[in-house]
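In the two assemblies presented below, chain A is common to both, partnered first by chain B and then by chain C.
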Partner chain A sequence: MKTIKASLIGFGSVGQGVAKVLLRKQQELKLLGLDIKVVAIADSKTAAINLAGLNLEEILKRKESEGIVGDEKANGNEIILDIEHDLVIETTPTNIDTGGVGLLNMLTAFSKKRHVVTSNKGPLALRYRELESLASRSGCAFKFEATVGGAMPLLNLVRNTLAGNEVLSIEGIFNGTCNYILSRMMEEHATYELMLAEAQELGIAEKDPSYDVEGIDTACKLVILANAIFGMDVTYKDVSITGISRITPEALMLAEADGYVIKLIGEVSKNRIQVAPRLVPIGHPLAVGGTLNVASLQTDLAGPVIVVGRGAGSIETASAILSDIISIYKN
Partner chain B sequence: MKTIKASLIGFGSVGQGVAKVLLRKQQELKLLGLDIKVVAIADSKTAAINLAGLNLEEILKRKESEGIVGDEKANGNEIILDIEHDLVIETTPTNIDTGGVGLLNMLTAFSKKRHVVTSNKGPLALRYRELESLASRSGCAFKFEATVGGAMPLLNLVRNTLAGNEVLSIEGIFNGTCNYILSRMMEEHATYELMLAEAQELGIAEKDPSYDVEGIDTACKLVILANAIFGMDVTYKDVSITGISRITPEALMLAEADGYVIKLIGEVSKNRIQVAPRLVPIGHPLAVGGTLNVASLQTDLAGPVIVVGRGAGSIETASAILSDIISIYKN
Partner chain C sequence: MRISMDIELQDAPGQLVNALKPISEFKGNLVSVVHHHEKRTPRGTIPVQVVFETESLSIDTLITKLEQIGVDIIRVDEKKYLERGTVILIGHIVHTDLGDTIDTIDKTGYAEVVELHLSMPNINQSSSASFKLDAVGKKELRDAISLLRSIADKKNIVLIEPIESEIL
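For the complex of A and B:
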């Protein structure tokens, strides 16, 4: 049995999902030979620390009832620096202007030779090469399946399941909020504004939706794919981006009459990295509805491979984080 | 650099695909630290053996011009028994009544402590538990991604990319021949017999198509999934099977009028293992056309995950074999 001491930095929806999944899968992880002890959890205000392993159930309850995880005042970065542990699970909110605390947390983790598993796109969309090379020089794993498409398998799919293949291009729908709004505009012949409001009511869109609807989130994911799969060195500023806010119900109805839907498609290959609304034939594998994500890969040996899955959600994102953790330790 | 001595047993379409892919990916494999030397190749009549590594290009040419691989009279099983090597790539034709030479080859390989990577469904559909436990007792890897869905990622997807998830059910289209015939019947409003004849002309269906069109091939794949993913102990005789040969153009047209297509769907979960034609809504992720394969997985954490890919083809199947080989040696 390997005992792994982990910190959980960030305790919003994804961080809480990770705690729930670790609780729920304790037995299965032990069958795989892994005993994962969370020795520290930090949210934006407080922290809980116990070198023998925290009681995740209690902390989840306290977060729900009191809005905090513990009584310690240490912040996440101090925990990464000072507490002896093996693995940092980084789930702080994404900041794509500066990389936010996530960037500092990852840099600190690698400097202390701790592995990093993250769902935080910002640092990777800004400073991928630096992070990757620092991880590699420190002998640390750096895993981020959860950053692209949530529970939709993609990065590990390419690296493991399709090992030996060269990926020639990837295109897909990488933002569930945009997919929901466009799918509903089509179904209801309704305006963008109306369906955005519906998505906001349902918690599918943020109060300020620009990060999603302007295509920035999709662009960040393409940047991660470009750097991690295509070996490029780009940031999200290199992406040509058009969002969905100017799409009209009339455009969707015209498309439908010709047998098409309109989807916000992200596309990346060696020569091209762009986000734009595109016509997709009804019945085409990319024409998935609701909040689903989809990616269509062209490969040199396997030919076309398409994956569909949930791009967001607390447990779904935690699922990708769990698979990353297992992949680090199971060999 | 790890040097791996491999035998290639079976040199039909898939075996030749493996030779071509190993040639094409020599450099990439060396970058991964793998030097794969094929020391023996056997087809049904002849063999070629060279302990320093065979010239694959020459053997491919000879097979094409003369129909044989070499001048040796040793059969595949003798090679596995007598030639010192690490890995058996087993691509002999499937026999689902007895397991054929493939079964003997796998048993012999494990008894000689050689790893097995295979595309041969028959032995797994008949004697999975025995093979698996023999492999495990011998400390050998036993990998068979290519047996289910060709280049469509499925077994390794579940074991690696979705690690930590429990798979609750899998349903999908696992036979490209049936999918082609049904898709074409729908497009042309034509009879089963006519579209079968077209598929035979194009080389998509065999002269005796019963293995595919009666659902037996799909059943074998479900059995492999049931045993390998759901931990069951079944053979293809435990599967309830209905094929596609009685589907009429009228049934397809009635379905279409209601917004459905008819697909041969294989379904497996703890309680159920069956192959039958089913109505699938147009636009549903399972409603893929042509010769594509598709699998829809329900999982406890990631939710629904769908994969689409080419279920057959020489290079595509070899792609799955290559990924299996890499997965054995890269750690």
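For the complex of A and C:
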């Protein structure tokens, strides 16, 4: 049995999802020979630390009832710096302007030779090369499947299952919020504003939806794909971005009359990184509805490969994080 | 453009090669040749259907050449545009000179706007339109769409293009 001491930095929807999944999959992990002990958890205000391993169930309850994880005042970065452990699970919110605390946490983790598994796009969309080379210099694993397409396997699909293939291009839907709004506008022949309001009411869109609807979130994911799969060195400022806020119900109806749906498509290849609403033929594999994500990869040997999955959600994102953790220790 | 031609040849050796030679000299790219040997005409000739593609905009010289060497040309069908694409535009389409937007494509000589559907729900709201473009080939269709893209940028119009695999 391999005992892994982990910290969980960030205890919002994704962080809590990770805690729940670790509890739920305890037996399966043991069968794989892995005993994952979470020794520290930090949210934005408080922290809980126990070197023998925290009781995740209690902390989840406390977070729900009191909104805090513990009585310690240490912040996430101090935990990474001072508490002896092997693995940092970084799930703090994305900051696309500076990289935010997530960037600092990752830099600190590598300086302390701790592996990092993250769902936080910001640092990767801004400083990918630097983080990657720091990780490899300190001999640490750096895994971020959860940053692109949530539960939909993409990075590990290319790196493991499709190993040996050259990926020529990837195009797809990488934002469930936009997909939901466009799908509903088409179904109801309703305006963008109305369907955005519906999405906000259902918790599918944020109060300030601009990060999703203006295509920034999709752009960040493309940048991660461009850097990690295509070996490019780009930041999200290199992406040409058009969002969905100007799409009209009339445009959707005209498209439908010609046999198309309109989807916010992210596209990355060696010479192009672009986010824009595009016409997708009805019945095409990319024409998925609801909040689903989809990616179509063109490869030199396997030809086209298409994956569809849930791009967001607490447990779904935690699933990608768990598979990253397992892949580090299985080898 | 793609040319489909019905011709009639004498039933003698070498006639087909003789008739195809001027097409190849004209830099026509043969797509198919169907030799209807079983459908001999009352005149004793053999009908042949030839389809080829050419970048040349007129085939008058080719027709003269074929007639000179004694090939009977029964029918010629020219199809200039081989590719069709759809795009959607959103914005102040009419008030940013719709005529000029269409003209820019039509003037290229290799593509045309052949269909336009326009929806203008309200005076102060954005209009939406779908354009169907015909072009002589795939490359030209791409070029026409990127030309439209640059016009749309200038006129602050959102242009929604088909996904890559649709144009490829």
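The criterion applied here is as follows: the second predicted complex is superposed on the first by the 331 of 331 C-alpha atoms of A that agree within 3 Å, B and C clash if a C-alpha of one lies under 4 Å from a C-alpha of the other, contacts with A are read in each partner's own complex, and residues count from 1 in each chain.
What we mean here is this: a residue touches a chain if its C-beta (ideal position, glycine included) is under 8 Å from a C-beta of that chain, and two chains touch if they have at least 3 such contacts.
Keep in mind that what you see is a predicted model, and the values were worked out from it rather than measured.
Look at A:Q26: by the touch rule set out above, it reaches neither chain B nor chain C.
Contacts of A:A257 after superposition: chain C is touched, whereas chain B is not reached. Judged by the touch definition given at the top, the superposed model places A:E267 against chain C, while chain B stays out of reach. When the two structures are aligned on the shared chain, A:N95 is found in touch with neither chain B nor chain C. Between chain B and chain C, it is B that contacts the larger number of residues in chain A.
Of the two partner chains, chain B is the only one touched by A:I326; chain C is not. Looking at the shared chain after the overlay, A:Q200 reaches neither chain B nor chain C. In the superposition on chain A, A:A276 makes contact with chain C only, while chain B stays out of contact range. Once chain A of one complex is fitted onto chain A of the other, the partner contacts of A:S138 are absent, as it touches neither chain B nor chain C.
Applying the stated contact rule after C-alpha superposition, one finds that A:N50 touches neither chain B nor chain C.
Residues common to the contacts of chain A with chain B and with chain C across the two structures: none. Against chain A, the residues of chain B that register as touching in their complex are 21, 25, 28-29, 145, 151-153, 156-157, 160-166, 282-283, 285, 287-289, 299, 301-310, 313, 315-316, 318-320, 322-323, 325-327, 330-331. Chain A contributes residues 169, 171, 242, 246-248, 250-251, 253-255, 257-258, 260, 262, 265, 267, 276-281, 284, 286, 296 to its touches with chain C in the complex.
On chain C, the positions that touch chain A within their shared complex are 86-88, 90-91, 117, 119, 121, 125-130, 132, 158, 160-166.
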